[in-house]
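Below are two complexes that have subunit A in common, paired first with subunit B and then with subunit C.
What follows is the complex of A and B.
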């Protein structure tokens, strides 16, 4: 198992168990209600099959919220390891301001709140009382408090991010379950590369070029018939 | 002549450094704005054309005639309570091929109390090999009004130039009443295929961000969307022919937390400019600065 940056120790089995729990679709953050604008891209015919879904998601990961959220997560993880509340506040302030639309702001805000609420109820010893944290910040802080290695957290986070949007695609395109899994599998290399980059990237490395993915989120707000909240 | 990148490059081996700071305050006559202070250094200049409008118009110039690697230009704008400043640029800013270093443009805007600042520069044109790092930091009060625009065009359209490599990093940070309310981080690193990606530009060559922050900004969302729906050259969002296929402009708007944010993606610079002018004329309900028409 890979070692986490700065932890110096091999990941133990209990840590692996925890990070799998947090980033499983069964952990109640309500991820299935968000499509990150994909629902509009499908409506507009931009995404219509496995290949166009893979391409759209690769852009999300490498040039969109995937990479930016990974850098936010890593900064929150470091703040947790150092028990640095001021650093956490800086990361959270940036995470809260980075959304390109009302729905994307909702997506990161609601999932962050749900994540922090459940984590605090199940593991009260590592809870952070009273703070509102956006989703990647909540995950990074929690993983740091539980001493779960950063690299593994990042890979699981990016996998969950991609798999959640794939699942939205499977339902909305629609696409066969096996094709959906092929898309998730095909994104492994990209997700691992982004995790590696995010592990050491400072906050000012945040930034993207996913302009038409942001535009899809703006259009989604006025989409007539919708299953998803973003 | 200005579009001849190679010639300008050879003329411009020396790095350009410049700074300009403009501050605006209310005039003696009620509802007017006057210049409070002006500092110009190096390639940074500002002009104040006579207008019939009550606000102050500042036209910013880079006398070095474009940006290349190693250039560093800073702009500072400050608007007092009760004043209204419209800042624009004399012409499109051309960013030439860099031999390695980034060109840097740093801008700070501060708006006090009920002040109004409109930052409406003309487009930034990235030539093949351009490297530009830009920051825009705003401090405003809860009741200040702010409009920010940044249009970007890839390559010289008339010459059919393809931008194979370019790097634009643009960081916006808007603080309102001391709180960071909006951060935009553009990290556009073209290495051959980025702009062609469907989720990036789908082959389109121009884009813009427009942000309006004001007490009534959220309430203007429906109005903004109605203007967008009537834009000249609007691509059918459900059609196969979009901005990337060389036709039209795509645009969308959203509002939250006291802000109205718009994005535009257009087939080319001319298309983008037409759309922005049409939007701004209706949304602002006043004419754009004259330099925009030339």
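What follows is the complex of A and C.
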């Protein structure tokens, strides 16, 4: 049975259920252990409340890994729909090379491996054996093989990306849970806009300028006291 | 004198310059500023070779193809540099980069050669006026080579619209250093902005095929750094804090001892950062942010920094490069007049 998603794109209920499961905090990719450099920004005093957390995340989404990962996901999704392993390899090579720091490389690599492993175990019919895929590539490929619409996958992916960093902020700043949810809610427009852009953007359009966030990731590696792996 | 052979199309959207003959401008279309006639495509090439096989043999410029607007000095050999190392200064005979410029420079250091390529001064990117300025530099370092590509910062003037790319192919046993930096400046002081800045750094490590720059299908990029920045966003919250208007990056590829290099580079940048702290009215607020990281799995040490002014940016670039050179070769760089 198809369910309208408010954008005019019909979506199978089974597909909706799957993408909700994959990008739920309960899906075992270890997302709660990564802060994307936020922990250092909090230590440095650059993120200290809900407003500055929102600014940080908006930059992440629009100028940083949010947008880049969304474009990678979309390319992997298209490769999956075409069953094009060569195209998938190209996307994966680029995803691996784009990580600006060792911790960010770890973040996308480990989450990708965990995602692919669990997805293959639970839904073996669409598994890609033996492949190492970075996180957005793994999600995009899996969604494509399961015929989950791209737009919905992108929105859910970006929501999960933002929510995970908000969760890190709630724990580390700290913030109240309700304030954290307000930040997540406030990012909806930005996330949806990026999803729309990423849906059709070619790989050549990957690029950003989240320079302070990249620096934070480098600094986090030598931060004295750390709760998070990135 | 023939140019190096041209590559097959690169994997992603590298701007291409057509192969040229010896006489200069390659394309019959010489339009500028978006006027009918198309982009001004010009390709230049430099090949550095070591004279003989003994260590310390002098590196010389074996091939040169430098049509207008490229202009180079002759190679220098500074006595305090690693033995035999050549230094060459890039200059522009046209006063900077303009809309519809599409310039490509290939730099190749053959096995055992040692060369530094730098600039006489910063490159100004002028208003594009409807065109898009393109600049591509392709570096190749063969086994045992030391290749340093250390240009001064690019200065983006109001209305500049540039797509720049540096691509490095570094063979096993070779060491490469490359820096990349920019700042925005409005000489009229009206806070007018550049339009767009797209900048890609692509580093490949591994075997380099014999015939020039031909694409090696097995050599996936080790690191891809892509910046896309609209002038309206610079500097902005998140992309850069407050008025940190200058950005720099430095990459050291294949250091023999990465851990040692990163410590040296980190110490050098920290020293500059600490000396750049404002005193008096600003209460000791830093004028720079920097970070260095060793990525051993990639064979790269990467440094990134943000500064409030161009002088501090240049100083950070110089100090981090000097620290890297010393860590890799045991030789600090000779003072280079500019």
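By our rule, the second predicted complex is superposed on the first by the 221 of 230 C-alpha atoms of A that agree within 3 Å, B and C clash if a C-alpha of one lies under 4 Å from a C-alpha of the other, contacts with A are read in each partner's own complex, and residues count from 1 in each chain.
Everything below uses one rule, namely that a contact is a pair of C-beta atoms (placed from the backbone, for glycine too) under 8 Å apart; a residue touches a chain by one contact, two chains touch by 3 or more.
Here the structure is a predicted model, which is why all the values come from computation and not from measurement.
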Superposed on subunit A, are subunit B and subunit C clashing or fitting side by side? clash
Partner chain in contact with A:197 - subunit B first, subunit C second, else both or neither: neither
Is A:45 in contact with subunit B, with subunit C, with both, or with neither (first, second, both, neither)? first
First, second, both or neither for A:221, with subunit B first and subunit C second: both
Thinking of the overlay built on chain A, is A:93 touched by subunit B (first), by subunit C (second), by both, or by neither? both
Just to be sure I follow: which residues of subunit A are touched by subunit B in one complex and then by subunit C in the other one? 46, 55-56, 59-60, 63, 93-94, 96-98, 100-102, 105, 204-215, 218-219, 221
For subunit B, which residues count as touching subunit A in their complex? 169-171, 173-174, 179-189, 194, 197-202, 207, 225, 237-238, 240, 250-257, 261-263, 265
So in the complex, which bits of subunit A are touching subunit B? 43-46, 52, 55-56, 59-60, 63-64, 68, 93-94, 96-103, 105, 204-215, 217-219, 221-222
Per the contact definition, I'd like the list of subunit A residues that touch subunit C in the complex. 46, 55-56, 58-60, 63, 90, 93-94, 96-98, 100-102, 105, 203-215, 218-219, 221
Interface with subunit A, subunit C side, in the complex: residues 11-13, 198, 200, 202, 220-229, 233-234, 237-241, 247, 289-295, 297, 302, 304-306
